[in-house]
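Mind looking over this structure? Questions follow.
Per-chain residue numbering starts at 1, and chain names A, B, C and D are given in the order in which the chains are listed.
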Amino acid sequence: MATTSIEKEDAIHPGKPVVVDRYNLGARINHWITAVSLILLALSGLAFFHPSLFFLTGLFGGGQSARVLHPWIGVVLFFSFAGLFIRFWRANLPEQSDREWLAHANDAIAGNEEKLPEAGRYNPIQKFNFWCMSLLIIALILTGLAIWDQYFYEWTTIPQKRVAVLVHSLAAVLLICIWIVHVYAVIWARGTLRAMTRGSVTGGWAWRHHRRWLKELAERRRFKKPATPAE
Amino acid sequence: MTNSWTDIRNTDLVVIMGGNAAEAHPCGFKWVTEAKANRGAKLIVVDPRFTRSASVADFYAPIRQGTDIAFLLGVINYCIQNDKIQWDYVKAFTNASYVVREGFAYKDGLFTGYDENKRDYDRSSWEYEIAPDGFAVVDETLQNPRCVWNLLKAHVATYTPEMVERICGTPKDKFLKVAEMIAECSSPTKTMTSMYALGWTQHSKGSQNIRAMAMLQLILGNIGVRGGGMNALRGHSNIQGLTDIGLMSNLIPGYLNIPVEREADFTTYMSSRTFKPLRPNQTSYWQNYRKFFVSFQKSMWGDAATPQNDFAYDYLPKLDVPSYDVLRYFEMMHQGRVTGYFCQGFNPLLAFPNRQKITESLSKLKWLVTMDPLETETSRFWENHGEYNNVDPASIQTEVIQLPSTCFAEDEGALVNSGRWLQWHWAGGSPPGEAKHDTWIMAQIHLRLRALYEKEGGAFPDPILNLTWNYHDRNEPTPEELAKELNGYAVETLYDPADPAKIVLEKGKQVVNFSVLRDDGTTACGCWIYSGCFNEAGNNMARRDNTDPDETGAYPNWSFSWPLNRRILYNRASADLQGNPWDPSRKLIAWDGTKWSGYDVPDIAPNAPPDVVGPFIMNQEGVSRLFARGLMREGPFPVHYEPFEAPIANVVAPNIRGNPVARIFQGDVAQFATSEEFPYAATSYRLTEHFHYWTKHNVVNATLQPEFFVEISEQLAAEKGIAHGSWVRVWSKRGEVKAKAVVTKRIKPLICDGKPVHVVGIPLHWGFTGKARKGWGPNSLTPFVGDANIETPEYKAFLVNIEPTTAPATV
Amino acid sequence: MNMELSRRGFLKAAGVGVAGTTLGAFGFTELEAAQAAAVRPFKLTNTMETRNTCPYCSVACGIIMYSKGDLRKGETAEIIHIEGDADHPTNRGTLCPKGAALRSFVNAETRLKYPMIRKPGSDKFERVSWDQALDRIARLMKEDRDANFIATNEAGVPINRWTTVGFLAASATTNETAWLTYKVVRSTGIVAFDNQARV
Amino acid sequence: MEPSPRTATSNPPVAASATAANLTERDLVRRSASTVPPPARQLEPVAKLIDVSKCIGCKACQSACVEWNDTKPALETNTGIYENPHDLTPDMFTLMRFSEWENPQTGNLEWLIRKDGCMHCEDPGCLKACPAPGAIVQYSNGIVDFIHENCIGCGYCIKGCPFNIPRISKVDHTAYKCTLCSDRVAVGQGPACAKACPTHAITFGTKEDMKKLADSRIEDLKSRGFENAGLYDPPGVGGTHVMYVLHHNDKPAIYSGLPEDPKVSPVVNAWKGMAKYVGFAAMGLAAAAGMLHSAFAGPNRVTREDEEKAEDLVKEKI
């Protein structure tokens, strides 16, 4: 059970404060490629989604180039996210304790984390986001291919394309919503962002949000050289 | 066409048989759709294939190719049996009442006088009984058993609906429906038009196909009336003009004849061309033959044509055979008896039957000159194109000179449409590269040959050295100059014979029309039937007044229609014996008690009384001929003969193969197949997307119909295991082609004489040059035999076999 | 109803020239100079019109050729468009799929541009000048005519027949070309003279 | 109402003064992904009437269309059918479609030939679907036209069209279809196909006139035994500016799949309607929820105590 919530790169640097490695460089690059792709996709996609946002194609050098770029960025996103998926799917598998955690969702939203069961590497909301993202990205890539007329026109019928384009836009909307939640959560839970910039969090952050993860790391003696104060 | 394209709007019934007007003449076919939409006219299509014409027809009946005569004689029989005859017309305007001489008979498919060895008839019994006064004997009561009507009745009695079904494969009920619809047009107020083309001519008895329909039209009273007529839809833009101007072995412009060897001098020549009327008071317009002939000679050789030398009669070649038509000539070429050949805008390698023979023939030439705006297969017959033209260039010793000529857009002049309108056109584009006008090329050939004869002398140079050549620029005669020669002019000042002081026309002026031509050498006229096209009033061919009084479809002031701007031939026949129109709503001309007038130029002297002078002025009888006398080589009535390659034996004359008088060359007989080896009845045709072998050079048309195919029924496809759109091999005794298979419901097997007959349709537009995909045409397969009268090859009915195959190797 | 069109009566006799057209008849009484923001610019503006006849079948539809450049002014003229002549009584402006694509015939890649000769046994055409080609033809003709012309038959009757050279005439040339061809060919005594009428 | 051009009764003008275009921005009634002011004038609606019963399938319309529009459709092969090119393409705006139908009532073969191409819907699905402002416009006379400078090549028009008409060019990646020869109509001419059509199976004029003409054609067809002859002017798309006279108007599908009751697909309507609102609402709500949460709950900070707890834990285990 517990083994799943630890990744290879996770390690504790004793010190004051304690610093915990959460994401190695590869994971961070992978994440940011995904993030940038997603933002570009959202911007270009929204430009096609509603006329009032068509001006956003200007960011891509115009409508034609936005149309050309969007699906390619989609491909980048897909593979990039696939990388993240491979890295993190185990840590995002649901656990028995998640039920209990979710039963106290109000406390989670209110920030009363002490009332919650200890979370592993990811809490259930994060897991939910992860799986939503995964499913939506699969839906987007599949429907995206169906409407990528330049290369795949022959693969689907027009009625299928119509469904595809509708599903694609709804999936994109949902994905953007999930993304908003994700970004907000990062901002709300202070100290989170450094996990994806520096790759590490403070021990306090881990204690507060992912105590079980921290405990397990400690339990297994996953220690590295002490963090230098400068860090 | 006896009528014009625009006249078709006046019809009540259109019969498309022996043609596919919608597909081959779409814009002319417009007038069929107009007649349908505006007059409620009906359209019948009779064809082996359900064509695009059939797609808009009110009634379609299938027929086996090469059996049209049986069908048409069946309809005539139906009309006679059911008394659907326009009697007044038949009695007054046809030779129904003429009594045929004793000794004439028909039995077992042959008329009297047949000589099997010569494959020809002694036609002397096919004549009227002539009374001591020199006129033909007639029996207006039609009681005489030897009168034409009774002979006809007996002749067509064989062709019952059951017999038609047996021969043609047309189900009896469908035949009867067609016969019934046609028979309705025997009413004087209903007309039918016949639109036919190469589906009738391209048979070994093509002329008789047409005659059979002409006879039917006469019985129904449909010749000479608005919305009626026999309308040959000519294939090419100026094939009418080239025929009129007589670019044929045996013709002089205006349907005069080149002398034959036994006509040793002009007097002998003229002795058989007096055209004495066979009935009192008849016009027999050919009595003017001598005037036209002499005027032609004057236009050719001017001052060198004098009364003393019989107007240079000897300058003309004299024929030892009826004609040196292309079939005969390629046969000669094949025998190595030809040195050089010119092809001006013509592609015989693809256009003539039995391509293998054509290739061999061209390979035996010393030289070949082609003149064309486009690449042709003929000019590259020596070039290897893999399976598509499998020849060895090194072994072909023919020198080929290819001359680039201009196309329509770059030249000026007149083209004659199917309705005999001479329409002038103007040049609008610059020729590509060094391409030159045909007139320049022909002038250059003449001038250089002439210069050689002037300098070196040689074989009989007189006709070359004396050829009239008084053009402003000797190197390139202008279209106007040439048109004026065709119209004719006064060589000397013409005086009125009744009043020698009165000048009719001054020397050098254009004649008003052929009525002023003379036989004494004082007039010149290149082509008498065109006379009037460019007279002192100017270039009448360039007229562009499209008014049409009372919307008759005549357009009398648009261009010029030969003869004399007449729009409907035999228009006198549109009125009854009192001179009143048969159908007042379709008046054409009428007699007002003193003269004829109306919407068209009368076909008869304007003051010729209606009850005296017959409408068919070119015939000695003054009436039309249901009985053709000796003018057709097969006989005075059509008879059903099978094609030389037929899927069944001739039901009415089982011992006769093909047309008994069609000319066949010995080498070709061995290449005629039987239905045992080659069971399927093939036919060739045009598609609407293409024009012969030209449009495969046109990227647009190539796109619209890119690749050679054959059409077969679903049943034949199933029998042979041929998949839709797959490759098939089609072969005859003369060659093979590979094509894509179009499997269609539009072709269905026919039951003929109890046996299923499968039709294989082979369109003709592909070759090895141009933009379209490389392919073959039907002429790799077609037999080398022609019609008995005019030698048109039998492209429309032959036998093949078919099997699935693989794609040809690409080259 | 379409047949009720084009009752314009007498038209100018000339077949060529720039024609003004009354747009008023089609509803736009006031022409505007407004910038066409959308529609493609009308491509026939400032072209020369020349009346001609479709060279394919014998319906002989009237056509109008639109060219850049005017032959009558001695300019080079390039045909940029061809369509049916609405004033023509037979076709009323309509054209079949061949006629409607005439421009692509005029400008076809496989139009011939230069005289060519293929020598015996050769596998290619070689370009020659017109003079070379025509002199060669005249010489070949004369050689054979002098050798094979039959002036009289056995009975001594002049028959003046030349059977060893034949001439196959076109089917789409003008009457005037046909007549000149007739004159030139007949004057030589060629009897193997034929045309497309037969096939 | 301003009268509109009719079927060309004259030849195209060539003088510069006579060829100013008369379809301008101010004649637009709809513009994709944007709004237009009400047009200054209302042109009389035009229509092309295709009388299938007069059509001989000669493809003159295709030929004239290619020549007028200077397109270059590719040379294909024969696949056992008469359709060439095999489908509409960015270079072939109109196509004759052939179907061989055996009439079960009469037993007769009927070769039904339909000229396919843009129907110029009154309620154009392509325009509705188009995301690019001004790439698809509709003029007050009913012509629906693609403006290539504005087209982004996304292919949404293909999804919007109930008739499967627009095609995206592989060359310039913009959508192409029949323009109803807007450039010709703008100077008082009919479309090139209508001008060329040998049998006048294609006619062009005011929609009202074309309906009258259709009535007379239907009457003629009924007199010839086609009881179900009728006009195809489908109301599901608000009527069309290209209409058919069909001998069997009760069975449009036999004409190479002409839609029975075409309308802009509900999926497309959902996509271009509901989805937009729902989508914006959802994204807005998500953002708003975040803001509200942040306002009420404040940031979730790691405390000193948390850090110490962590340090303690680590010390304990080392």
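Basically, a contact is a pair of C-beta atoms (placed from the backbone, for glycine too) under 8 Å apart; a residue touches a chain by one contact, two chains touch by 3 or more.
Every value quoted in this text rests on a predicted model; they were computed, and no experiment measured them.
In terms of Cα centroid distance from the overall Cα mean, chain C ranks first.
If you average the Cα atoms of subunit A and of subunit C, the two centres end up 73 Å apart. Here the spacing of subunit A and subunit D, counted between their Cα centres, is 41 Å. Distance from the subunit B centre to the subunit C centre is 22 Å, each centre being the mean of its Cα atoms. Contact with two or more other chains is made by no residue of subunit A.
The set of subunit D residues that touch two or more partner chains comprises 58-60, 62-63, 66-67, 198-200, 216.
The set of subunit C residues that touch two or more partner chains comprises 3, 6, 8, 48-49, 82, 84, 87, 91, 94-99, 101, 104.
Contact between chains, as defined at the top, is found for A-D, B-C, B-D, C-D. By the touch rule above, subunit D contacts subunit C in their complex via residues 2-26, 28, 43-44, 58-60, 62-64, 66-68, 70, 137, 145, 147, 179, 182-184, 186-189, 192, 195-200, 203, 209, 213, 216. By the touch rule above, subunit A contacts subunit D in their complex via residues 12, 14, 16-18, 20, 47-51, 54, 57, 62-64, 66-68, 109-111, 113, 147, 149-150, 153, 158-159, 161-163, 165-166, 169-170, 172-174, 176-177, 180-181, 184, 187-191, 202-208, 214-215, 218-219, 221, 223. If you check the complex, the residues on subunit B that touch subunit D are 22-23, 26-27, 29-30, 33-34, 36-37, 40, 50, 52-56, 58, 60, 688-689, 699-709, 724-726, 740-746, 771-773. Of all the residues in subunit D, the ones that touch subunit A in their complex are 33-34, 131-133, 150-156, 158-159, 161, 164, 168, 170, 173, 265, 267-268, 270-271, 275-276, 278-280, 282-283, 285-287, 290, 293-294, 297-311, 313-318.
Subunit C makes touch with subunit D in their complex at residues 1-3, 5-6, 8, 18-23, 25-28, 31-49, 64, 66, 81-87, 91, 93-101, 103-104.
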